[in-house]
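Each chain gets a letter, A, B, C and D, in the order it is written, and its residues are counted from 1.
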Amino acid sequence: MGEPLLTTQKLSNHFGMVCTARDLDLSFERGVLTSIIGPNGAGKSTLINLLTGHLPVQSGTIRFQGRDITRLPIHKRVRMGICRSFQIVNVFPELTVAQNVMIPVLARTGRSWRPIRSLSRETTVLRETEAMLTKVGLLPERDTPATALSHGDLRLLEVGVALAAAPMLLFLDEPTAGMNPVERVRLLENIRQLAREGRTTFVVVEHDMDVVFSLSERIIVLHRGEVLCDGTPAQVRGDAKVREVYLGDDVSDLFRINEE
Amino acid sequence: MRAQTRNAVAASAVLLALCAVPFLAGKFAIYLTMRIMLLGIFAVGYNLLLGQTGLLSFGHGAFYAAGAYGLGLFGAHVSTHPLLGVAAGVAAAVLVALLIGYLCVRHTEIYFAMLTLACGMMVFSLIWNLREITGGDDGLIGIMRAPVPLFGGIKIPIGTDGQFYFFVLFFFALGVWVVHRIRQSPFGLALAGIRENARRSEFAGVPVRRYRLAVFVLSGAFAGLAGSLEALLESNARPFMAHWTHSAEPVLVSLLGGMSSLAGPLVGGAIYIAMREIIQRFTENWMLWFGIVLLVIILGFRGGVVGTLSALFRKAAAKGEG
Amino acid sequence: MQSYVHVILAGLSSGMFIWLVASGLTLIFGVLGVLNFAHGSFYMLGAYCAFTVLKYLGAGFWAGLLLGPLAVCAAGFVVERFFLRHVYRIALPYQLLLTFAFVLIFDNLVKIVWGGGALSPPSLSFLGGSIPILGRNFPVYNLFIIAVGPTVALLLWALLEKTWYGRIIRASSSDREMAASLGVRVPALFTGVFVFGTWLGALGGGLAVPYVGLLTPGMGETIIIEAFIVAVIGGLGSLKGAFVGALVIGILSAFGTRFFPAFDMALTFILMGGVLLWRPQGLFGATR
Amino acid sequence: MEKKGMNRRQFLKLTGAVPLVAAAGGLGGGLLTPKWVWGAPPKVKGPIRIGYQAVLSGTLAGYGEFHKMGAVMAIEEINAKGGIAGQKVEMDFRDSTLKTDDAIKNARYFVDSWGADFLAGIDSSGQALALAPVMAQLDRVLMVTHGATEKLTEEFVYKKGVRQIFRNCMPTYNDGNAAAFIAKDFPAVKWATVSPKYEYGFTCWKMFQETLTKVKPGVSFIAESWAPFGTTDFRSHINTILDAKPDGLYSTEWAGELISFLKQAKEAGLFDKVKYVMLPVGAAMDVLEGMGKDMPDNIWLSARYYFQYPNNKVNNDWVARFNKRWKHYPAYVSETAYSAIYAYKAAVEKAGSKETKAVIAALEGMEQVCPAGTRVFRKEDHQAIYDVPWGKTKSDPKYPFKVMGDMKVIPANAYFNRPPFEGPGTVPPFK
């Protein structure tokens, strides 16, 4: 698949005594829909936080398209093409759905610095916003404030805001958490569709194994900050260590909402 | 479209009414209207920071003072050209705001408020102590209102209050228009995004800290504009312009009027000045009554006078339609 | 040597004095999450009430110190129960504005009740006078203040850490909903804490009567800013921080006035700015 | 897009502003009808309106109350005897606070809205200075009754020609120059100061040093400690003085801050170590009463008026009347307020008009017999020249506070700076 999109070298992170990432050497290839799984506290969210700049890197390096981005601030990574969604809905609550999506579009197109020009004249931005809303299926709700949306719509918006930044690499942190089955199917279909279009490479953190195995081309299993297993769904399914970890764990744990 | 037209009509009506003030009202009313407009410029600019971006600053008096002293010192040492003076005042305010903003925008919420308070008070004591330049606590006194030279040797006098009124009105209208545009602009939306969710804004690709600095400096420029105009109006610049009690004024009027709208701080400022004036005519105990009025407004008008009234209006309109 | 010792003593007494005021402010912020601007007014009311008991009722200093602040608690109760309670959920600026309205009201009420002129208490017979320390007189009353400060700190610590009430208060301040679900009547508790904080402020006022030697309407406005600064330096909501912050401010400004007089107006603000830049949560504040 | 919703809100915001502007217009409209501005009639038409402002809020609120007592008493007396030139006198009294913009707003209100013929009051020097250009614009006479900065009369009245400003209270000359004349007779040669950290404090100390150096060569000034406005804790300042070990202490602290300072200095034993202490505004009534019996003995005091001086019928009667009316001894601002109203009465009756120009002409050079003695309004700078005493604190069983003993009076002419206020011969000592 050519040069990897993003690679890490000896990426480590500690919270006090707890190790949440230990010497991780990972690489994400362009166009490969990857899932990250693992029991609670395995370091999945930490990994995303490190890669997207949410947490400062304590040691190790991150390269994106060959460029060292270890110390790059969040917004610069976003501009380079790395974006994420959040596990707990994290949108702009008092703004309308359209405005929510418009902010990343403006930032990406370099128009968000324009102080005098009216938004209503930014026709390209408006068009792109509408296209994005159509894509995630929120066009009818475009003038609704985010606070007034249903939970499922909020999750869609969450993904929509992340997508609007037109990332090359997009991390989705439990995108279907708390969704009802209908909404879940819709969202997954969306993701699959977008992945097929090929502009964006998805990396998904999920607890729902059905989702993981139906969606992914590659699965990374984390355990206590280390990579337990990394391979195709079939390889992972057959891995003895993975079985051991998951059997020893209370399954309900997988659905607990942990921090961030 | 209809709403936009209505909007424009209302704005023109206000502008027209303001233009009529010098011809219809008495001298003191002209003066008070000027003070209301100055506070309006100060507050409407400040509210870009508080209402639009969600940052509470207690240091904007420093930029107001920078504007006034900038104009005063420019007038004393370089030129008494009022427009150049105002430009010098605004430039001074922008400079001070850049310096203070650079330090402060790394924090938010109460820490930002306290940091700006500290910086503002440092500017205050700096002005107080640099007696040779600033005149210490007496301030700069006797700042002149020279005529405004235009092309072709025409000079517009602004010496009397009636003339100066239009000078103020010009900047007031310009200032409000600029803020109105900013609120409708991509930049304004980015600021609102930062207010709603700063972390998410970063993940939308917005360099949050730089935007905060930009809006901080911008609101500082408005403070400087108001300060330089006040220096012309009252012919003085004084250290208390930089004091935190003065920095609290735009906060107070933004809250009074409502910080989520353009008109909120303007209405708040008008209420603040008019109310004090009215109360003072009836009693020496103006603080008591003013305090009581404040209580009533805070508890009775959640979201400020403008916010509450427009919500009521909307409800009534909805009922009418339904 | 004599000079340094006396500068430190002056710093200690003014620091402990600010601590007395800052303690109530900090307690209220820590538990209720409200920055109470009117705390300075309670300080002022405490001073006026104590003075009234002392002078007009002729009951002496200790009675004034006991009864005066108790009377102010009523004002604290009214402010919390009927006004402040309604703005807990609104943004911080509204709380500041509401409490600021009370500053105006109380300042003016004091002027109406006690007159605008400065009131000056007679000198104390007990605790009055001074004793020589290294050949220079130091007021006995200031030593008393230096002793009262840590005593109050100790009592507060014991109250919060060692008693059932303290545990409830701490639980409610870290998680209101949790405390409510455990059957704590949070609103009543908040009123109680607010009134107690008011009492602390008013106690500071009562102690100020001989310390400052002067009562004026508006006397609370200078002290509240100092108390704010102390609370911020120490870390908002942290009593330990406020105590240390008060000591730092007291001693440093005493040295500043003595040795760097050019900066004395800005000194406390420079200090606050420096601390905030270096550690935004203050010396002992919880990390965000 | 979301334009519709936004704009409706916008509309409301803007319409909300309209009634307020209208209200602001209304404020002036009705109340402002100038009845006698055009073409002054030859005879004085009444009523005569005096706008008075002094600080009525905050820590100095007591000063405003003392101003008011004096002014109200004068107006009651004048109206009981038929008013000024047969016209009733009306007064509006406003809180000047200590903010300059409030003082300017009040002045404009008095003149432009309420229709004041004369203004009086003003406590702070900063306010007085900032009002100078405003008074020129408003063209009404302002009698300053408390603000003491010499810059007001020297620069604004004399040099810049703002003829509308007069002052009937003692300027900084007494606090600086006269204090030096008193101090020259002391054996003290090393002086120090604790004074307010603003222009007033700086100016007085400078004047004191310059004059004392001239009249007593060999003195030195070894320490200065400046207390910012609002200081309540003077202990560090006191330490500075004690460390310097001066012979004499000079302090222009005033009002409540002086009380705090004196009490704390006494506790620290300052008055045992420093024998010569001079307080140019220490004999203010609020300080004397505030200190009560705690005032140390043998401190040299002065004030801009002291109720036991001059010991003549006019003054003694007035003090008695004042005491009867207000149950208080008069503060110096009570006297200056009282005399300011009477100065207007004398000037209007002399001019036969209340026109600003005529009244200015009448006031210039006018002699006025007041409780404080005879005031002469100097033509050049509009400063009233009168004498005030210096004296040493002592107990008197007749009063619940310490009074002045060993009274010394230096004639004002000997220490008031003289026009043209620059060059030789304009500052004391005069040949």
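Just so we're on the same page, a residue touches a chain if its C-beta (ideal position, glycine included) is under 8 Å from a C-beta of that chain, and two chains touch if they have at least 3 such contacts.
Predicted model only: the values in this text are computed from it and were never measured.
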| item | value |
| --- | --- |
| Chain closest to the middle, measuring from C-alpha centroids that were averaged per chain | B |
| Far-end chain from chain D, centres as C-alpha averages | A |
| Inter-chain centre distance, chain A versus chain D - centres from mean C-alpha coordinates, in Å | 72 |
| Inter-centroid spacing, chain C versus chain B (mean Cα positions, whole Å) | 33 |
| Interchain centroid distance [CA atoms averaged], chain C/chain D, Å | 35 |
| Chain B: positions in contact with at least two other chains | 128, 184, 286-287 |
| Interface hub residues of chain A, defined as touching at least two other chains | 99, 119-120 |
| Residues within chain C bordering two or more other chains | 107-108, 111, 265 |
| For the chain C and chain B complex, residues of the former touching the latter | 35, 83, 86-87, 90, 92-94, 96-98, 100-105, 107-109, 111-112, 225, 228, 232, 236, 262-263, 265-266, 269-270, 272-273, 276-277, 280-281 |
| Chain D residues within the chain B interface of the complex | 3-4, 6-18, 20-29, 31-33, 56-57, 93-95, 99-101, 104-105, 108-109, 112-113, 125-126, 129-130, 132-134, 149, 151, 160, 197-199, 202, 229 |
| Residues of chain D touching chain C in the complex | 56-66, 197, 225-226, 228, 230, 232-233, 235-237, 239-240, 242-243, 255-256, 259-260, 263-264, 267-269, 272, 286, 289-294 |
| Footprint of chain D on chain C - complex, ascending | 3, 6-7, 10-11, 13-14, 17, 107-108, 111, 115-120, 122-123, 129-130, 136-139, 141-142, 212-214, 216-219, 221-223, 253-254, 257-258, 261, 264-265 |
| Chain A-touching residues of chain B, taken from the complex the two chains share | 178, 181-182, 184-190, 192-193, 196-197, 199-208, 214, 218 |
